[in-house]
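In the two complexes below, subunit A is the common chain; its partner is subunit B in one and subunit C in the other.
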Partner chain A sequence: MSEALPLPEVHGLAHEAFLEEVHSFEFWFQSVSGYLAGRPYGQRPDLVDEPLAPDRRERLVTVLCNYCVGETAALEGASGLVAIAPDRLIQVFLSTQVVDEGRHLEVLLHRLRQLGVTDMEAEIAKRASPALVHFKRRLLELVASRDWEAAIFSQNVILEAMEFTVFQSHARTADPVTRELLQGIIKDERRHIGFGENELGRRLRVSPHIRARIGEVKRELDHFVLDSFEETLRELGVPASERPELGRSYLDAVARLGFA
Partner chain B sequence: MADFLSMYSIQHWLESCPQGYLTDTEYGHPAGESEPDFVLSDPLLRDQAVGATVQLVIGERCALAASSGLINSAPDEASKRYLATQTLDEARHVEIFTQRLYDLGVKKAELEETLRQLGNPNLVRFAEILLEKVDKKDFVAGVVGQNIVLEGMAFSVFEMMYAGNQALNPKFAHTLSGTIADERRHVGFGENRIGSLIREHPEKKAEVERMQRDMSYYMLATFADSFRNRPAQEEMAKVRARMSGYGGPKAEWHGADLSSLAPAEMESLLADTVLKEFKVRLARIGLEYQTPVRP
Partner chain C sequence: MVDPLEQQAVEDEAPRQRFLLEDTGFDEVPVRYRRFYRKWRGPGDSLGPNEAICPVCKVVIRSTRELRAGDRVYCMPCMSRLVIVRGEDGGLEARVAY
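And now, the complex of A and B:
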């Protein structure tokens, strides 16, 4: 993975061949080559870490602890989805997502270590947003109940869109090291969201009645997502007047995926 | 434990596997390599290759289900992250061995039926015993079953197949060499992580040892079915002889020339090697090897 390999041209492929290509280990391997090569723990080794004022560091630690909760939910959710995936290609794709989520967790823990946190588990437990912990529990319940459409919607649309929105916003104001690792995570999230949109889109075309069930799940989970946004944005120092903007961004992102 | 687990981080995996021995490979082998003509053109050899590869796909599907299933029952974050890498390793193995079936002429639409028809029932039972433990979220039994028993078996089987194919079928040998490197890492994790858990949960010993004995029985039964019903054996010996004027290229493994062994001798060599490895590895983690009934 020393050099980025050219990605295969997939959009000219027939539908089945397209799915086979984009769900494969080979496709994942070529996709991540470009942005993971030469960046141990998501950071270029020559990137200079800027000193943070104590209160900014403290807020960043809280935010990163909550990202760890989200990524642990994503790791456990994606690994549970492997067992209920409807076919082998989807199992392989979800396995690439499992390792992506594990990597996100690892780079975030590494960043916490750089910020001087020693007991990660205790710190995460202490600082975790209750809304996010509720979200995680509900997501894992949906996976455990083998409700494929609801689980894939919660994991690859709601959770991924939530992370995508927050990470993009945070990356704009973050210190250089945090920004770089968030940008690497965002690239993976795009792939995961694309999968969720494609998979659910196909199912909705064949079985439109599942839209109502997905709507129910969305209404239930939006509440946790918006509450956890509020808590994260407060920690990031975003003024109260600007916080609804990010909530709207998330709702718009989900609506663009066809789930208003 | 923290230091040992740092050797099993995703960063370490990225550097050693995708950025290491998989660089410039395609489905596990260098681009452009293909199955040799003597396999594709001889129905007996092709059928034997398809039959053997079917067992690999079944074993790897089991490993994929087990490693992903164990993530949620792992007692610590570092083990969860390690198992994420193992999940993707196993998915890659499923993908590359499935691709080999396609390369051997199995049609995509016929894949599941081919697996159903040719899958060895003893191997399926072996997998079921492991997956029952995973379903019960029994992390200790699951990791012993997966990373010591299943991976230990796969490691030796792949090594033996590698030795047998190195000269005759470089494409398949290259595919196997990446999986062998993966399996070595998986076995290492099992040994290192489980030892401390067994010490913390001595009450688990008897149940885990029973599982090892049962899985070992079905493993031996799978070997017996594979070696005792092998019409292509003679054909393979002829191919080796044709490839050299002096009796064909040697295929050495554990001091034996595989090309000169009778099927019963090969079965016995493989079974003894795997069981010996089990004994050593189980002793390292504080478990006592249970001798299975020989089928």
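And now, the complex of A and C:
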């Protein structure tokens, strides 16, 4: 049956009305329903898992363990950001991000279980990139110190932009099950990177003095995530010639924000 | 010879083409907004006169009317407000307006 509601010309909305719509829980719910309904743990039930050669499985487990570290950082970070968000609209949006990050962690853990990992915590601790673990600790310190702009930059610009690129790159060569769950995560990440860049862009426009502080955070933290995800792409066998692409989404975002 | 600026002014005053948008299967926004967005299909793809690529998330944004420099469009999938500008190559492109 065709859509019964009148179709609004969305581009004609006032900016405030647009932000109210896209930050709402209702918008989030209707959006994720479109691509997650009928896909338990992000996978179509009829999708056939292909057997992986032992070395490929081993590399995939390491990569997924590191994705779990990143998603745990984002889950704990977003949870803490809810309490320090500047207004209720942003609190509501961040609550949807918390749900997204919790789901990402769950589907990744489920995939590890499918690959035969039994002790998730031990496996993640053993395989986690020290650079990513360090980044996670610093992100949570920024959240705990109620440094809104620095925390949003670290989480929704540095971490999410790099995850967005790595997951897209990985999805191109992944086995069908891993590809499908990554594609679902990428759709969520679009909201997170957009929220981070736009929120920070609006803040920088009205409070240019925060630029120096964000620049400091960038210099301190972005290489940790870049290094750890370069390691991930090496594990995945992505040729060195394609790895500069990894940073492009992030570098484009910081250039638009004036940190070229 | 026609002055390019005069030519541009003539084009800007001409009535805009209208487009009937169909749902292309883009599933990342609520159903009622889906027809305003589509996926970029890669190197073989091209943009229509009513389309622009979001520089933040690379989704194709669509309008029911031909886009012109100065227009404002929204990318709902990544929640960005964008302004259409004429790029260095003479084509139209979308820039983020925070």
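To be clear about the criterion, the second predicted complex is superposed on the first by the 231 of 260 C-alpha atoms of A that agree within 3 Å, B and C clash if a C-alpha of one lies under 4 Å from a C-alpha of the other, contacts with A are read in each partner's own complex, and residues count from 1 in each chain.
Methods note: a residue touches a chain if its C-beta (ideal position, glycine included) is under 8 Å from a C-beta of that chain, and two chains touch if they have at least 3 such contacts.
Bear in mind the structure is a predicted one, so any value in this text is a computation, not a measurement.
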Partner chain in contact with A:L204 - subunit B first, subunit C second, else both or neither: second
Partner chain in contact with A:P176 - subunit B first, subunit C second, else both or neither: neither
Subunit B versus subunit C as contact partner of A:R191, first or second or both or neither: second
Partner chain in contact with A:G258 - subunit B first, subunit C second, else both or neither: neither
First (subunit B), second (subunit C), both or neither touched by A:L105: first
Touching partner for A:G80 - first (subunit B), second (subunit C), both, neither: first
First, second, both or neither for A:P130, with subunit B first and subunit C second: neither
Intersection of the subunit A residues that touch subunit B with those that touch subunit C: none
Residue ranges of subunit B touching subunit A (in the complex, touch as defined): 9-11, 13-15, 18-19, 22-23, 26-27, 61, 64-65, 68-69, 71-72, 77, 80-81, 83-85, 87-88, 90-92, 94-95, 98
Complex contacts: residues of subunit A adjacent to subunit C: 3, 5, 7-11, 13, 15, 18-19, 21-23, 27, 30-31, 34-35, 187, 190-191, 193-195, 197-198, 201-202, 204-205, 252-253, 256
Complex interface listing, subunit C residues touching subunit A: 23, 27-36, 55-57, 59, 63-64, 71-81, 96, 98
Residue numbers on subunit A that touch subunit B, as the complex places them: 1-2, 24-26, 29, 32-33, 36-37, 40-41, 72, 75-76, 79-80, 82-83, 88, 91-92, 94-96, 98-99, 101-103, 105-106, 109, 120-121, 140
